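Step one of this worksheet: look at the structure below.
As written, the chain order gives the labels A, B and C, with residue 1 at the start of each chain.
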Amino acid sequence: MWTIFRKDLAIERRTGEILFSLLLLALLVVLVFAFTLELERLREPRLLGGLLWATLLLAGTLALGRSMLLEREAGAWTALALAPIDRGSVFLGKAAANLLLLLIAAALVLPVMAILLGTSRLAPSPLLGLAILLGTTGMAAVGTLGAALASRTRAREVLLPILTFPLLVPLLIAVARVTSAGLVGEAPAAVRPWLVLLCVFDLVFLTVGWLTFDHVLED
Amino acid sequence: MTAALWLVFVVVPSERVQGVVQRIFYFHVHLAWMAFGGFVVTAGASVAYLARGSRVADRLAEASAEVGLVFTSLVLITGPLWARPIWGVWWTWDPRLTMTVVLWAIYASYLMLRRLGGRDEVILRYAAVLGVVGVLDIPLLIVAIRLWRGIHPAVMLSEDPDAGLTDPIMMWTFAVTGVALALLFAWLVALRMQFAALDDEVEALTAEDLA
Amino acid sequence: MIAAMDFPPVAARGLVKGFGALRVLAGLDLDVLPGTCVAIVGPNGAGKTTLLRLLAGIARPTRGSVRLFGEDCGRNGATAPVRARIGMVAHEPMIYRDLTVRENLELFAALYPARDAAAASRVERAIDGFGLGMVAERPARTLSRGYLQRLALGRATLHDPELLLLDEPLTGLDATSRDRAIEQLGQHRTRGTQILVSHDPADLSALATSIFALQRGKLEQIADRRVDETAARQMLRALGAAT
């Protein structure tokens, strides 16, 4: 698992292309929000949580598709299928690498969003960090699995969001609430059911990805 | 048999509570249940396919998903037709409506993967994985949507079809349409599976001719 | 390894593989004995690559069985212990273009459990063996076709596989590196088994110890010993598979 994780990071360190395009895309999405929605309303801190996840979803999906493309580009995917390793750990390794990218992106995008949209009355609490960690974990798990499933088809760029968005609905509903709560400094107790839901979601999809990758890593 | 039940359905509903549109409810509720059931069938067949690799299981999964998508679509069409005169709006983010629309999207994505991927065995396995993943998403979805609408209670959550169904004739109609639609669902799935089996056979024969 | 002697490396029975309406393999049998290099020739699209993938345990037959080292790999593909004994050179180099030659080799060395003490230096051996020293620190993306092929060979033989599957392994190599690769593969054959797919009579005469023709989804043996280049060319021509 860590071999795959380190491999993905080594590639990313060399090219930087996934993180860079992820950040640029996220910034552009924020600009689109600013232009298309009423700026006065966007100041509302409770909105920032939802906007952050909409941004990450759009930008992150493309980044995850890109990371799977690296596997397919020169046939390395086949070599992984051939290697005597537990295929579930390939999933965990890739998901971990994707998680790290999404975390970095979230950490950079959120303050930029707050500044650009002029969000007022923010009172970030540790809950915010937890929300982002749980949200990106679920996104990485579903995204990694979805990217692998879509990568064999033509039109994989279109198929990836079509596969992942519906599956991510429960996560998005939950994480947007918890993030908003974290942004305005609400007590974690107020969003406990949401936190439980997020944990369960992450666990379910990490497990199912780990278990099914035996069937997915093959071509 | 199905035809007979269809007849019954056309003849029976002469009672009107909420006007003509109320009749749609006989379909609507059952369609929704069938659609949900179809999803479970798809997931079960997907597991069987992954475990044993039998083509029949795969065909069942696909057929059930296809008919499920049609039924879900019908739910989404009949729903607003009823809601407009009764609730005064076409659409509301009621838990059940939200649930149905997301389910519809998952079904659609499952079938899209199959269409775009071709008929390679690998894609069949990928689809099976998605079928399993999709059904696992449902409980999470239910909880999420319940919690979501629970925090901001919808104005018209008191949608209660059974309250109006006190009349025995209505109950009877309700039951009959349920059975009819269940049979219709099974029949369509069986038909679709037969079709897929024939399709495979044709391909096999063509291949032999070519060889 | 002694275990390798107990079971033939490859025993395929009644293999059928179809893609939709296309039936590529139509019930073929193949047995490969240890220490041989079995060449498979045939016209384009005859299913040679498909057959190789089935024998590698990474594709599944529509019908029939593939036994690798005595283990049935038809239904669920090869298990990890079996995969550890297989190496493959395919059309694609099967590497990461953004990693250097050394990083690629190190990555795959890490994915294959080391069997003995000599394994520690296997990355160095692959680099030396296939003349990759000059480009070891360059990203694979910048390599020429020939170097990429050498990297693919180095990667496939890194873990000293008992069964080596070679799909046109010598394409794009210049004369010197070609000789070097042939020598390396010859050495490998003293310890393991090879299955070769090639269109090139020179490759066939240099590597193959027997030749099978793949036509209309079936295999037929057309040579049971080494052949020279002229004879190989004639065989290919007869099959309509000459380059």
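We adopt the following convention: contacts are C-beta pairs under 8 Å (C-beta built on N, C-alpha and C of every residue); 3 or more make two chains touch, one makes a residue touch a chain.
This structure is a prediction, so every number in the text was calculated from the model and none was measured.
Asker: Farthest from chain B in C-alpha centre terms, which chain would that be?
Answerer: The chain lying farthest from chain B is C.
Asker: When A-B is set beside B-C, which has more C-beta pairs in contact?
Answerer: Ranking A-B and B-C by C-beta contacts puts A-B first.
Asker: In terms of CA centres, which chain lies closest to the overall middle?
Answerer: Measuring from the global C-alpha mean, the nearest chain centre belongs to A.
Asker: From the mean C-alpha coordinate of chain A to that of chain C, what's the distance rounded to whole Å?
Answerer: 39
Asker: Let me have the rounded angstrom distance from the C-alpha centre of chain A over to the C-alpha centre of chain B, please.
Answerer: 30
Asker: Would you kindly tell me how far, in whole Å, the mean C-alpha position of chain C lies from that of chain B?
Answerer: Centre separation, chain B to chain C: 48 Å.
Asker: Of all the residues in chain A, which ones touch at least 2 other chains?
Answerer: 218-219
Asker: Which positions in chain C are in touch with at least two other chains?
Answerer: Residues: none.
Asker: Could you list which residues of chain B touch at least two other chains?
Answerer: 118, 120
Asker: Which bits of chain C are touching chain B when the two form their complex?
Answerer: Interface residues on chain C, with respect to chain B: 18-23, 26, 60, 62, 75, 216-217.
Asker: Please name which positions on chain B make contact with chain C in the complex.
Answerer: Residue list for chain B touching chain C: 53, 118-121, 203-204, 206-208, 210-211.
Asker: Can you check the complex and tell me which residues of chain C touch chain A?
Answerer: These residues of chain C touch chain A: 56-59, 77, 80-84, 86, 88, 90-99, 103, 107-108, 110-113, 139-140, 155.
Asker: Where on chain A does chain C make contact in their complex?
Answerer: Chain A reaches chain C through residues 3, 7, 10-11, 14-15, 70, 73-76, 78-86, 218-219.
Asker: Along chain A, where are the residues that touch chain B in the complex?
Answerer: Answer in residue numbers: 145, 149-150, 152-155, 159, 162-163, 165-167, 169-171, 173-174, 177, 193-194, 197, 200-201, 204-205, 208, 212, 215-216, 218-219.
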